[in-house]
Every structure is written in structure tokens, then in C-alpha cells.
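In what follows, a single structure is set out as C-alpha cells and then discussed.
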Amino acid sequence: MANKIVISAVNIRKEYVTKKHIFTGKIKEKYVAVKGASFDIEEGKTMGIVGESGSGKSTIGEIVGGLQEPTYGNVFYYGKNIKSLSEKEYRNYRKSVQFIFQDSKGSMDPNYKIFDILSMPLLTINIAKNKNEAEKIIDKMLLRVGLDLSVKNKYPAEISGGQCQRAAIARALIVNPKLIICDEPVSALDVSIQAQILNLLRELQRELNISYIFISHNIGVVNYMSDTILVMSNGTIVESGEAKNVLLNPKEKYTKKLIKSAFL
Amino acid sequence: MSDTVVLNNLHIKDGDNTLVNKTSIVIEQGEIYGLVGESGSGKTLTAKAIIDLLPEGLNYTADKIITAGKNMLIASSDEKREHIGKNIGYIPQNTVFYLHPMIKIKNQIGDGYIYHMNKSRKEAMEKAEVLLKKVGFENPKTVLNYYPWQLSGGMRQRCNIAMALMNDPKLIIADEPTTALDSTVQRQVMELFGAINKELKISILLISHDLGLIKHYSHSLAVMYAGQIVESGYSKTVFNNPKHPYTQLLIEIIPSLKIKKSEPLAEIPGFVQEKGRDADGCLFIKRCPKAMDICKEYVAEHMDDMQDHYYRCNLE
Amino acid sequence: MRKNLSLIIGIVLVLIIITVWVMSFVFMPYNPNEMNIPNKFLKPDLQSEHILGTDNFGRDILSRIMYGSRNVLLVGIGSVTLGTVLGIVLGAVAAMAKRFANTIIMRIMDGLMAFPGILLAMMLVTVVERGIQGSIIAISIFMVPVFSRLVYSMILDTENLLFIKAAKSYGSTKSQIFFRHYIPAMLPRLITQFSSAIGSAVMIETSLSFLGLGIQPPFASWGLMLSESRQFFLVYPYLAVAPGIAIIITVLGFNLIGDGLNDILINRRSHNE
């Protein structure tokens, strides 16, 4: 039985206006971040996006997750265009697509303890009605991601980078998402910690049947995590396909360059 | 050939808390020396001790610190400062933000050169152009007129390297030079260090948490764990025959094309401890797959003079 | 604690004034408005019944100072509180709304700020009404642009931070983001500004009273006492000293607290980075 398609993107194009005529408002100059991307993401599978800084990979992630709107093109959530979702359906889509960022500490409000940071999504989406209900869910989640319950009372600044990223994963998981968009989740961590986080993400995927979009500049890491890969350069998808095919039989020069730099 | 750096038995304390213990490093003239370890292992502090840049509030002792020919333990503060300014190029961590963002490159790159080497502005600009070309910029004149925010991360790092080279230093210290850079750019920067070392015969101390990166670009290396050097020697020797379990694990987790996707990645469970670093026993004991009872109290040191291979472990 | 000397001195000074204020409800030696002509112009004498002396109508100066502290604090704290709340609302709306509302609000704020404080207060009082209510309204309107601009710039600083993006990603509404994230981020600076603003408000209130635009005679207010002491200054200078010192202690106290808090804020920031 074929897996359901969680997200379908059709001809996504993102343009930023850099110069406008001051009186007429006519667009004089624009920067195209994404030039026309189309892809499908199946339930329980990972799509990797690899490319250098400025290639548009993060932009695609943000568009799929609803943090940005595409200038042209459409994103479909379980077959429905996200622009035409009802309010209830939109809230459901919001809850189902979560993010993990490269700077895990920066993604948490430094004025709050980890417990509060994890309870915010629960209270916002009304999964828990008060802090007591939230606590049970949070405890379970912290243990699941390998953190000691004592981090609940710590501030993000007081824990290590690896622990913070685990907490960020817990926050993303805590609302039972269908898809997590991971934007360079391990690039800022020591190599010895990277393996821990990647193994954790894989275990969670198997256990919970979550889809990932895995974004990174390191094709080795992307290959390990992904079922399918998009290779991006300057906003265009230059190569795509099953991860192992792209890695073992790269067709494009750019892909080969990425491979060479990841494996010394 | 005299050694560029001789560091013997460095001990750094913050109040009562030991941060770095019994650390010794010898960097030979003209070699690239890699200092590898996780965050918090003490590698940055060790490098700073070599050039007298430790933050206030930390106390340190050592049997010997000879940096680029100067005995740092007996020199005065002024002498040390002058010596370091003239002979060491230091590129600290997180240097993508190191350059002053509101000043054009041309107005910062020559500062050290003009001050320490007593040169004129014109001479500084000429030298800067030469060095910017050397680090890979095709149009040095254009780059000099840029503000740092107009450059990408990799370009800024190359400017830092050019700036470090201005005084024809005997030693360059680069602390995590490739974090925050794309892997393709990381490669370029490492190649650049290799080229500088080969062409200009400058010794380089490369600090990194990534053993894979150090593997290809260093002649010798030292692996630090929780403030101590657990293994050191010529890179080839250490990689062919790693003796310490920590080194072995670090080598195992270097990504390769052969990684099987169906298996979990090799990982080192747990994390580096902050306290208790002055214990007599082995500090790696809680994470070591080969730990023995005796490791709680005593750690043997081995030094193979022929191969120049040192390690601290009770295993043979 | 050397760095916090400002804060400590400031707190001590403000505590002195607050004590005086509390005492004005508990025990005043005399009725501040009670005239006693035969006892007029008594010099200050710690051993007499009138510790700080009496004025030209024989009224006890200490009691008048105590009474005066009430409206100074009422107007000072009241006006700043009002101004802060309005300022926060306007600043937040300007920062989080569309271009049009944003521009209108900020340009009005700019216009208000163009006037020197006391001038603006005087203009507003003639429109509103003299007395305590008038002073409060006038000074609070003066305070609004200060706080709204502060809030506006702080929100603009914060809204691009990563954790705000994260909050949006799990569906936080604008008001949730405002109360959960923007307010805690802005609170330290707002508190500092609040304290300094009280110092300014007291200065303006005193000036208004001095000019006869604040609380009206025969009621006691420090500014009014200063103004009334002018005629007799060469002969009885002590009449000006008591209200003068009271004003200095109050304004200095709040300003020092503001400075001290500012230092702590800056030090805390640099330790976190």
C-alpha cells in the first residue's frame, strides 16, 4: 500500500523585491530565492535538501511550514491547498508541521525555563489546559529524547548545545506533528554530539512514523538521514532522486563537488 | 631546527576548579599541529595560555612555555605583548564576527602591521593586496573597499587569515576556523591553511572538534579530553594505531561513504564533565567502553620515543 | 556592590520620601492649612514645636512638606503609570500593525516629543484644567511618546529573533507573542525608564505648581511653597530650603534608581553573551 502524501509542493517560486519605484510602486529589482521547486513528501519518509548557504533550501522549508508564503506556486497538505484551508483545518496543519532550527538556543526565549518553553505549544494548541496536565506530557517527552528531568528548571543558557537541541526536538514532537522540518539541526554541534542527535531523530521517525524535511550543507549527513534528496544551487533544484542513487551516481558537477567536500 | 612552541605541564584553574591539567605540547617548526577535542575540553584555554591571552580570573602554572623562541614565563607583560603581536597570528573562535562591522576592510587589515612592524599606511595596503590575493581573492582592491557585512562567511574568514599573515608570523593559531561555514567552503579554508604552511613554512596550530577535518591537514595532533591530553603524536601514527579508546571512538564517527544507512551511527554516549578534573583516575571512565577497575585510581602514561606517540591509558 | 551605589542611594532617598508620605496619613504635627498669624516666621528649631519653622501665615512647614508629598507622589507616579500604559499600547500597535497605522501613530509621537516637557505640560494644563487632575493628564500625555517609541523600537528588535519565528511556527497568535515574549523582553528597560520618568514627572509637577498651574492655594505643594517663599527670600531664606531639599531628594532618588537599574541591566546583558 502506498504511503499517503503529507505535503505536495507544485512549482514553488519565491521572489523578494529589492528595489521599488518610490512613486509608482513598480518593481525595479528583485531577488529570486527559489526558482520553481516541486516535490512530494510521503508519510514516515525523509526528504533531504542539500546545498550551500543562499541556495534557497531554508526558504523552501519555511514555505512548506507556513512561515513564508510562496510568490507563485502552491503547497498542498494531504491534498488540500493550504491557501484554502478553513480556520480549523489551518490550525490542524499548523500543529502538524513543526520546526527544528540550527541555533537551538536562539530558538528558545531566554527568559523562560525549559518547562515553560515546552508547555507553550501545548497551551497554544490546547492539547493541555493547564500546567499540571502539561507536566505529565513534558516529563514523558523529555525522557524520550534522552534528557534528565532536571533540565525542566533550567534556562536555555544553562544547558549545553546538544541538550538544547534535544529539548528543541522534544518541543517539536510534543504536539504530535506529521512532519518536522529540520533546518541544519546538527551543524552547530560537536561531531561527537551530532551522531547522538541524528540517531535520536531516526529512532523517533521509526517509532512515530513522522516525516522529515532534512536541510543541510553536508551531503554526507543528508544522505544518511534521507530517503530522497534535492540538491539545490542558487534557488534551483539541480539534481534529485533517491538518496543512495544521488550519492553513488551523481550526475551533476555541483553534486560531485558537494560529495567531495563532505568526505575527506 | 628549533621548535615553535614548547609547552610543558600546563595547569589552569578557575578558583578551586581545575580546567586544564598536566598538558604538554611541542609544535615543531613548520608543521601543522591539530588540537582536537569536544567543546569544554580545554583546547581554547591551552592555546590562549601559549600566547598569554587567558581571561582575567584564571590562574595558570606551567613548567615551560616557550612561544616562537621567547620564554613566556619570565618575560614582562609588555615584552610578551610585543612578541605576540609581531610573531603570532591569532584567529579566535566565531571570527565571522571578528572584523569590526562598521569599518572597511582596508582600514582594519593593516592595523597590527602598522603598529607592530612600524610600517606606513601605504606599505600596509600594498602588503594587504598581496596577501588577499594569496588567500584566494581575485580582486583584492575591491575587497579592501568592502565592509565586512558585504562578504560571505567564507570570505570573511579568508580576510581574517590574510590579516593574521600581515606580520609574517612564525605561528598561526586558528580556533575552530571552519564552524559556521558550508562544507564546500570549509574545504577551501583548510586547503588554504595547507598551502600557507607549505609555501611560507609557517607553523599552524589548528583547533577543532572535528577529527575528520584535522586528519587530512595536520602533521601532528593531540587529542584533549576534559582538560587533559589523552593521546598525541604524528598524525599518521595516531591514525594508524590509535591507542586511547576516546581517539578510537572519534575516528569511528568520522563520516565515510561506507556508512550503512540501516545502522545507527557510531556515537559516544554521555558528555564531557566540568568538575573533578584534577582526579588521579581516568576522566573518560564513565564513557569508556573498555574501562577497568584500576582506571578509577590510576592512569598509566606511555611515551614511545621513536614514534613520538604519547597516550594516557591503562590499556597496552 | 560598588557598581550599585546609585541604586542604593536612590532607594534610600526614595524610602525617605515614602516614609514622609506614609507619616502624612498617620501623624502630622499640625494641620497644614491651619494659619496661626501670631506664630508666623518662626525659624526652624529642632527643640521647638515647629521643627522646620513656620511660614508667613504661621503654618507649620513640616506638616506642609508632609502634605505636599501626597500630591507629588500621586501626580508623579500616577502620570507616569498612565503614560506608560498608553505608551505601551500605542507603541505595540504601531510596531505590530500595518504601515498606515504605524506611520500615523509614530508621527504624532514625533510631534509631541518636539515640545520641551514643561512647555507641553503648560499648554495641556490650560486646555484641561488646573489642579491635580490637570497635572496628571498633562504630564502623562508628555510621557506617552517616550514609552511608545521605546516599546516600538524594542519590538522591532525582538521580532526578528529566532524564538519568535519558533513561536509563530506552533501557531502563536499576535497577542500571545506580545504578552509571552515581547513583554518579558521589554520589562527590564521599561522598569528603568519608568523610574527615571518619575523623576522627570516630579520636576514638571513642581514647576507647574511653582507657576501656579498645579494644586491651588491654600493647599500645600512644594512648588507652591517655593513660589510663595520668593517674596521673603532675602529676609527668611529658610522658607525655600525645606521644599527645595524635598524636591531634590525626590527627583534625585528616582533618577538614581533608574541609573542603578540601567547599570544592572547592562551588566546582566554582557554576562549573558
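A, B and C label the chains in the order they appear, each numbered from 1.
Note that a residue touches a chain if its C-beta (ideal position, glycine included) is under 8 Å from a C-beta of that chain, and two chains touch if they have at least 3 such contacts.
Keep in mind that what you see is a predicted model, and the values were worked out from it rather than measured.
S.K.: Which chain's centre, taken as the mean of its Cα atoms, is farthest from the centre of chain C?
M.R.: Taking each chain's C-alpha mean as its centre, the farthest from chain C is B.
S.K.: By CA centroids, point me to the most central chain in this structure.
M.R.: Central by C-alpha mean position: chain A.
S.K.: Count the C-beta pairs in contact for every pair of chains, then give the pair with the highest total.
M.R.: Greatest number of C-beta pairs in contact occurs for A-B.
S.K.: Rounded to the nearest whole Å, what is the centre-to-centre distance of chain A and chain B, using the mean of the C-alpha atoms as each centre?
M.R.: It comes to 33 Å between the two C-alpha centres.
S.K.: Can you give the whole-Å distance between the Cα centres of chain B and chain C?
M.R.: Roughly 55 Å, centre to centre.
S.K.: How many angstrom between the C-alpha centroids of chain C and chain A?
M.R.: 49
S.K.: Across the complex, what residues on chain C touch chain A?
M.R.: Residue positions touching the partner: 161-163, 165-172, 176, 180-181, 184-185, 272.
S.K.: Residue numbers of chain B touching chain A in their complex, please.
M.R.: These residues of chain B touch chain A: 38-40, 152-153, 179-180, 182-187, 209-213, 215-216, 249-250, 253-257, 259, 261, 264-269, 271.
S.K.: So in the complex, the part of chain A that touches chain C is made up of which residues?
M.R.: Residues of chain A touching chain C: 65-67, 91, 94-95, 97-99, 101, 103, 106-112, 120-121, 124-125, 157, 171, 175.
S.K.: With touch defined as at the start, can you tell me which chain A residues reach chain B in the complex?
M.R.: Per the touch definition, chain A meets chain B at residues 52-54, 160-163, 188, 190-193, 195-196, 198-199, 202-203, 217-221, 223-224, 243-244, 247, 257-258, 260-264.
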